[in-house]
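Here's the structure, in structure tokens; my notes come after.
Just so it is clear, A, B and C label the chains in written order, and each chain counts residues from 1 on its own.
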Amino acid sequence: MAIEARNVGKRFGDFVALDDVSLTVGDGALTALLGPSGSGKSTLLRIIAGLETPDTGEVVIGGEDVTSAPARTRGVGFVFQHYAPFKHMNVHDNVAFGLSVRKRPKDEISARVAELLALVRLDGLAARYPSQLSGGQLQRMALARALAVQPQVLLLDEPFGALDAQVRAELRDWLRRLHEEIHVTTIFVTHDQEEAMEVAEQIVVMNHGRIEQAGAPRTLYEAPSNEFVMSFIGPVNRLGDAYVRPHDIQLLADSDGTGTEALVERVVHLGFEVRVELKLSDGRGVWAQVTREEAQLLELQVGQILSVRLPPPRVFV
Amino acid sequence: MLGKGLLGIYLSVLVLLPVAALLAKSSTGGTSSFWRAISSPEAVAAIKLTLIATAIVVVINAVFGTLIAWVLVRDEFPGKSIVNAVIDLPFALPTIVAGVVLLALYGKGSPIGINVAFTRVAVGLALLFVTLPFVVRSVQPVLLELDYSMEEAASSLGAGSGTVLRRIVLPSLAPAIISGVALSFARAVGEFGSLVLITGNLPFKTEVGSVYIFGQIENDNLPAAAAVSVLLLAAALVVLGILSFVSGRLSRHVQ
Amino acid sequence: MSSSEGAVTLSPPTSGRIPRRAPAGDALRSARARKLTLRAIALGYLALLLLTPVAMIFYRTFEHGLAPVWDAITAPNAQSAFWLSIEIVAIAVPLNTVFGIGMALLLERGRFRGKGLLGLVIDLPFAISPVVVGLALVLVYGKTGWFGNWLGEQGFQIIFSVPGMVLATAVVSLPFVARETIPVLRELGTDAEQAAETLGASGWQTFWRVTLPGIRWGVVYGVVLTTARALGEFGAVSIVSGRIEGQTQTLPLYVQDRFENFDSTGAYTAAVVLALLALATLLVMNLLTRRTRRETAA
């Protein structure tokens, strides 16, 4: 089911959470809403789910205007940031909830729950209570619960935010594969650009209640339409009005006349990547990203004078 | 919507209408009769006794309540959990039973030879009994949360235990003590059940405000009863308001 | 100095506790003496004010053996007082439970003007003397009150009969359920309720299956407090009941009646029954706090 938000606006008191936002998500797509906190991404997600009502604009799901429809009739699966488990129910009853409020027959429910628990690899834990599960397991239970009612749309609010790094990486990978398997239109909210780049087919960058740019991850990285997107997606050096990616800066041991001179002020080894902080001859500071091999070839050390070749800088107006 | 309406009706029947009727009754004869009602010698004596006894009782509560809370949090001794549990007994015990209980030990035929029945001491004793849990229960959780390392830091900086208590512990507890005192005050000003048996309700001697009101109702002097009621209610609300303001101001920095 | 600083930055942070200076022997002894003194004062105060007097009525009740106690318990007026108390509790407590939960939901989940005022109104009974509650009810529902006459013509007698006593009991025990439920409701948050909604649950289904199970221990705690207060209410009920023996006399009123008629065994026995109910309340309260503490720890 395609999702469309048209000219959606929302205020909380004086705070403008969403300012005339329009967004289209194609059927079956996996989309990330990416932005810093307070950018309006969670509000937009909750408005699509029907958990908040927009002040202005419409929400259309599968061609149907659902703006004034309550959340329970929208056919939306929602996974909450802190999973929102029903603490007094075991895993089975949590996952079965959506089916049991629809008064489906018992054997149908248990068959479906078993199937879902297998899908999220929680089989064998059906009798556990939420307090007995780890963060990653809770996350997967919440996902199974949302999928149980066969939603047309799956919405996830910071799905990996509360997990530690290793579990997070695992779940990202797993979510992408799950999406390939069940192909339900999915939107997830994140403030982590790496996560968005890795998981999503389409990224929508938000800031101050507006959409800055939407597109494929590669497009956003290579052709950012403004300085916010450029600096939010990937590292940048700012030189006056111009922006330069650190890995686009070339370091040369001998001056061949095409570069400018720079003084090495600090060298930070981060495994494969090496960060070099430099002072250009005009006094401006930049940092460059080079590989370990390059660093070895250049015999980098503090106080060294190098020749630096800057790429054509990007300027946004 | 239906729920809100029903709630409104319930609160009106139980609280709003009765309070409105009370205010209306107290002012039926205008200010002069209100004034006459609250300035009759017996009423003045009863109100004075109520306020003075309450003031003494809340001070004792502040001291002993804090001390008991301290012992319950920072001390360890066998039977502590039982002591902790019985603190709430005065809340659970019917007030009339509280009066009987105190009379059994401190009344006529006292096994320890102390008979305070029908004296002003009995008024204080009964009020202390029924308000005992307030300060303890409001200080206890704060003391539990109080960061012990703050006290350790102070003593590592050379502060003696008296200084630590005065400069570190008491300021942190003050808001809780004050809110416990406020609740004790409101309760003590209106207390009735525990007093009727042990004080003998002697006018000008042991008759407190609530007992005076009761007597006026029995004598069918409802305007006078309503006037004194409004006065005591106002006193309770004003003190609650002031103390909760003070406690809020004091806890601004602690939180 | 500089070398030790270097060591600090290199070593992983250990516990945040600042090591305490080892107190000298004298200081240790005096600290211990102080602790014991404080303990003795606190426990002595509790013993004198609370424990000994309560123990005393048990002794007084049974000092002449079991036979007079049995006679006092089976006296017709004692029996009718006991059952009247139970009847009033059985009406007032469920009413206050339902409305208490409703008020808690409204205060914690609702968005409307005058919310602060509603909170004050709910707490008001805690600030009003029971005697004043009784008087205020008489002024509305009594014969000379606002609605008493009209209600009488319709055949309802409120004051000096059971409905008035139920009203009085409901007023004085009004705030407990709401006050105990609100913090639990806040703690529970709205996420689980919203999750239920997105899963297709109606408002009622969400309330019964998610909200109520989530707040049940808070509600039960409030109900226990309400029951204790309702069972023991004296002042307000005393005024609206008319204290007609065998008819509008609750157990607490019966205690006073027996005491003033110099029937100390009767008074002590009824007081002990009430005290036992209070102790049972305490026990339940403690079990509940332990239970919730365990659940929040999990």
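As a convention for this text, a residue touches a chain if its C-beta (ideal position, glycine included) is under 8 Å from a C-beta of that chain, and two chains touch if they have at least 3 such contacts.
Note that the structure is a prediction, hence the values are computed from the model and not measured.
The chain with its Cα centroid farthest from the Cα centroid of subunit B is A. Distances from each chain's CA mean to the overall CA mean are smallest for chain C.
Centre-to-centre spacing of subunit A and subunit C amounts to 50 Å, using the average Cα coordinate of each chain. Subunit A and subunit B have Cα centroids lying 56 Å from one another.
A straight line joining the Cα centres of subunit B and subunit C is 15 Å long.
Shared contact sites, meaning residues of subunit C that touch two or more other chains, are absent. The set of subunit A residues that touch two or more partner chains is empty. Shared contact sites, meaning residues of subunit B that touch two or more other chains, are absent.
The touching residues of subunit A, counted against subunit C in their complex, run 49-51, 70-74, 76-78, 80, 82, 84-89, 97-98, 101-102, 131, 142, 145-146, 148-149.
Interface of subunit C with subunit A (complex): residues 189, 191-192, 194-202, 205, 209-210, 213-214, 295, 298.
Those residues of subunit C that touch subunit B in the complex are listed here as 16-18, 20-21, 31, 34-35, 38-39, 41-43, 45-46, 49-54, 56-57, 59-60, 95, 99, 102-103, 106, 118, 121-122, 124-140, 144-146, 167, 170-171, 174, 225, 228, 231-235, 238-239, 251-253, 255-256, 259-260, 267-268, 271, 274-275, 278-279, 281-283, 285-286. The residues of subunit B lying in touch with subunit C in their complex are 3-4, 6-7, 10-11, 13-19, 21-22, 24-25, 64, 67-68, 70-72, 75, 77, 83, 85-97, 100-102, 104-106, 111, 125, 128-129, 132, 149, 152-153, 155-156, 161, 183, 186-187, 189-193, 196-197, 209-211, 213-214, 217, 222, 225-226, 229, 232-233, 236-237, 240.
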